[in-house]
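Heads up, the next two complexes both have chain A, just with different partners, chain B and then chain C.
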Partner chain A sequence: MELTTNIPNLESMSECSIKPYDSIYLGMPYCWEYEGNLISGGDDLISAVEVLHSMGKKAYITTFAVPRNRDLDRVFRTVDVAAEICDGIEASNLGVIRYITKEYPDVSVIAGGLTNVYTASTAELLYSIGVSRIVPSYELSIEDIEKIKETGVEVEVVVHGKVPVGIGHECFLRKFSSAVGKDCPKICREEMFFRSEDLVLKPFGHATLSGKDVCMYEHIDKLRFADAFRIEAVTERIGYRERVGRIYRDLLERGFSRSDFEELRSISENGFANGYYFNRAGQIYIPG
Partner chain B sequence: MDLPMATTSTEQVRSTFRGDIMVELLGPGGSLEMVKAVFKAGADSVYAGVLGWSRRSKKYEMRDEELKKAVQIAHDYGGMLRAAINAMPKPGEERMYTERLDTLYSMDIDAVILNDIGLMRVTEERYPDLKIVASIGASILNKEEAMLYREAGADMFVADCKMSLDEMVEIKKYTGLGVEVLIHANTDFTYLGRCWMSSYKSLKYETIDGKAYYVGSPNRGGVCFRPCLLGWKLTGERIYASDFRLPNDMFLMLDEIPEMIDRGVDCLKIQGREYSVSLIHDLVRLYRNFIDEYIERGVVDMEAYRAELDAIAEKRDSERLRRTLELMRAARAEKSEI
Partner chain C sequence: MKFVGLKGYSRYSDRKALTLDEVNSLENIAVVLNRVRDGKELVKTCRKIRHEHVILNELYAISDASKFKKVTVSVGMSTMNNLDLWFYEELGAHAAVIPPELNDEVGGFESRSLKIEAFGRAFVEMFYKGRCQLSAYASGKSVKRDGICSMECARTWEVFYSGRKIAEVNFRPELKVYDVEADYIKHEIRQIEGEGVIEDGADNKHSKS
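Showing the complex of A and B:
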């Protein structure tokens, strides 16, 4: 089982935070303007890949999740660099996937969760054009994901962290710059949430994330058929990635620990959810 | 611009072909009564949802018998019917999909509206002569993505509401896909097929004729509970803002339509299966007249149309508010059940 996570920039890349993981996705897919974003390629990306390889980790790069026509050249330039140095490229846009599979047929392509893979038919189509791994739509239940896996493609699932519940054409948070007293790119360094009734959401770049942490710690055995477990931490502080990664590494190697589970709870700002794994509303948590 | 080739009557579907200018006016078919009204008002085509399989509440979808009648009505008017089968099925329901497709094809439908690229390929392989429209839920964002849909079998794509006309034209030129634009719809702060806020808040799992049906998930067939329209706060170290809505705005296009026609947009779609028949009839009639007048004369009296549209928008807003409140109440009730 591959344990993986994501890191937006070099600044967030400490040795301790990487240690529990087998592989790392480099770059922030929700916003071009994020400071030091590794999806912009350049020397930072090369350095990050070198660090990971020197630690024996796989280095994947992610790409901007919602590119319009005007963004394509920029995305493709990064892909051209990444294809030479990375162990795989994650794309959540079918146009980017088309480009990579045509131009670099030998590169591992991972279809990210925002690709919206809901059906075995789409999994088969992507597999047939060269996609090697799929993060199924976040809205799928466990039995749905098993069906995706039956197509032969590798499957990666989020086991912990805040998952996207929407993505759009702009950063909505920037509209609050004057109220917060910070503008882009500093504003998203603040921990901020949208709240209404029982809902808590985390705005971040073009994306809106679950305010609660999806947590499958108690249910991990139900997901063992997957090929990779992801700790979704691209918008989190360094300590989060390190602590959560260590807890899940221990879970995989030593089994359940009540104290570790309680530590996860203490890290979470707004509590746990199971996402959509059990055909329930995404924000509900079912104890194991 | 060429002059009109023929005049039209209200009781007969008119082709909006005038010389080298052609645009299709597509209306919603939330019921058989609405299908009739849409054609009477002058639409070229209508779309109707297949029960349990489209991106709307089952209240506004049709069973097979109704769909057959809807096809008949459409063809009697010389028009076309598109079957919306654009909710995402569960993995494993692909066989049910092909059975549905076979039934629809045997009804002589004119096109299918699909969301899932894998099902597009299945459809293309099974019925290569059937027109496939990539739904707005596919959220096609760029020309490379559109090309993959084209390769999977799509003939036309519905442009995201945030896409500029330049982008649409670029995609059309690059891929050869037809372009459909929503002229009455809503736009919110996410791309339409990339929003799971409603099902994050509340979700109820049901089945319809053995097919999974997710109340609360727009992508998977149920309604959207519109949580973006709740009153929101932005919190952090303190409350930075309160009682705001996340963007979700209705629009009725008018000023943009002439340029869209001139630059080759192929289809103008009026959304609204959930609205009253009279409202939809009035909307279709207004757009019919507007399009015909523009194509025939090259100019239109914008002020007169805008005034008429404003009056319709007022009625639409009132109907929408009632529906939003109904959905918000349902979301709270669903939550208590699950």
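Showing the complex of A and C:
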């Protein structure tokens, strides 16, 4: 089982935070302007890949999730570099996916969770054009994901972290620049949450994430058919990636630990959810 | 051209959608199957529709149904750029609907044969159409799969930054009218009952619309 996570910039890339993982997705897919974003150009991306390879880790490179025409030149530049140096490219835009599979047929292409792969038939089509791995839509149940896996494509599922509940044309944090006294890119250095009764959301760049952490620690055996487990940590504070990664590495190698589970609880500022794995509202948590 | 929702397949609930028999008894319409279901099932259903033109929201169905129908790629597929257009063109689609947020960029869209459909009147929502899972997250009702939106966006949200409440906000869909040029102009009215009211959200206790 491959354990993966995501890292937005070099600053977040300590050796400790990488150690528990087999592979790392590099770059922040929700915002170009994020400070030090590895997919926004510059030599940092090459350095990051070199660091990962020197540690024996796989380096995947992500791409901006909702590219308009004006973004394509930057996407092409990222893909051109990525194709030379990395072990796979993640994209969530169908056009970009098709571009990579055509222009770089030897590169592994991962359809990200925002690609909206809901059905085995869509997975089958993407697999037939060269997509090697799919992160199914976050809205799918375990049974639906199993059907996607049956098509032969590799499947990666989020086992822990905040998942996107939507993505749009604007960054909601920027709406509050004057109230906060900070502007882009400093405003996302600290966390913003939207709260309404039982619901909590975390706006971040063009995406809005679940405020709760999806946690499948207690249910991990139900997902063992997948090829990779992802810890979503691209918007998280320092320490989160390392602690959560270490706990899931131990789970895979040594089995369930009550104290580790309690530690996960203490890390999560808004509690747990199971996402949509059990065909329920995404924000509900069903204990194991 | 009027787009008519097929019961069981339409994204904005079944309340205003028509049965297959009703759809097949009408003239000069396109049939909307923009709820995400298994692509092979969608193609089978398309075969039962006597009209030439359908609107679809699932990649396999878009590709396969294009062999025998005129297929418009639903706005739910979130066509964002020329690469998307070229992919849909490669799959044989007839047209693609562009999200209203991209209306000022329609002139920059280039395709060889694919027609561009833009909104002349549309609700601009919290997220791109087809990219919102908030309803499923909050209530388990999926817009994309069940065709039901519980309009959680219209709640009043308290905004916290670094643990401190700084504001309140809501993301109620906003009806906008555009002066836009494209091959087709779409006027979104299906989900409107009264002006500014989306039918599925009208009864939501959090909705003030």
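Things worth noting here:
As a working rule, the second predicted complex is superposed on the first by the 287 of 288 C-alpha atoms of A that agree within 3 Å, B and C clash if a C-alpha of one lies under 4 Å from a C-alpha of the other, contacts with A are read in each partner's own complex, and residues count from 1 in each chain.
Criterion: a residue touches a chain if its C-beta (ideal position, glycine included) is under 8 Å from a C-beta of that chain, and two chains touch if they have at least 3 such contacts.
Note that the structure is a prediction, hence the values are computed from the model and not measured.
On the superposed chain A, the positions of chain B and chain C overlap enough to count as a clash.
Of the two partner chains placed by superposition, chain B and chain C are both touched by A:192. Legend: residue contacts after superposition of the two complexes on their common chain; A:125 is shown touching both chain B and chain C. Contacts of A:179 after superposition on the shared chain: both chain B and chain C are touched. Looking at the shared chain after the overlay, A:169 reaches both chain B and chain C.
Contact with chain B, but none with chain C, is seen for A:148 once the two complexes are overlaid on the shared chain. Only one of the stretches 6-14, 42-50 or 294-302 in chain B has C-alpha atoms clashing with chain C after the fit on chain A, and that stretch is 42-50.
Under the contact criterion defined above, the residues of chain A that touch both chain B in one complex and chain C in the other are 66-69, 71-72, 93-99, 114, 116, 118-122, 124-125, 137-139, 164-169, 176, 179-180, 190-199, 201, 208, 210, 276, 279-284. Remark: chain C residues 36-40, 58-61, 63, 77-78, 80-87, 90, 99, 101-102, 105, 108-109, 125-128, 130-134, 136-140, 142, 144-145, 152, 155-162, 166-167, 169, 206 touch chain A in the complex.
Within the complex formed with chain A, the chain B residues making contact are 88-94, 116-119, 121-122, 139, 141-149, 152, 162-163, 167, 170-171, 188-191, 193-197, 199-203, 205, 216-217, 219-220, 227, 230-237, 240-241, 246-247, 332, 334-335, 338. By the touch criterion given at the top, residues 66-69, 71-72, 93-99, 114, 116, 118-125, 137-140, 144, 147-148, 164-170, 172, 176, 179-180, 190-199, 201, 203, 208, 210, 276, 279-284 of chain A touch chain B in their complex. Chain A meets chain C in the complex at residues 66-72, 93-99, 114, 116, 118-122, 124-126, 137-139, 164-169, 175-176, 179-180, 190-199, 201, 208, 210, 276, 279-284.
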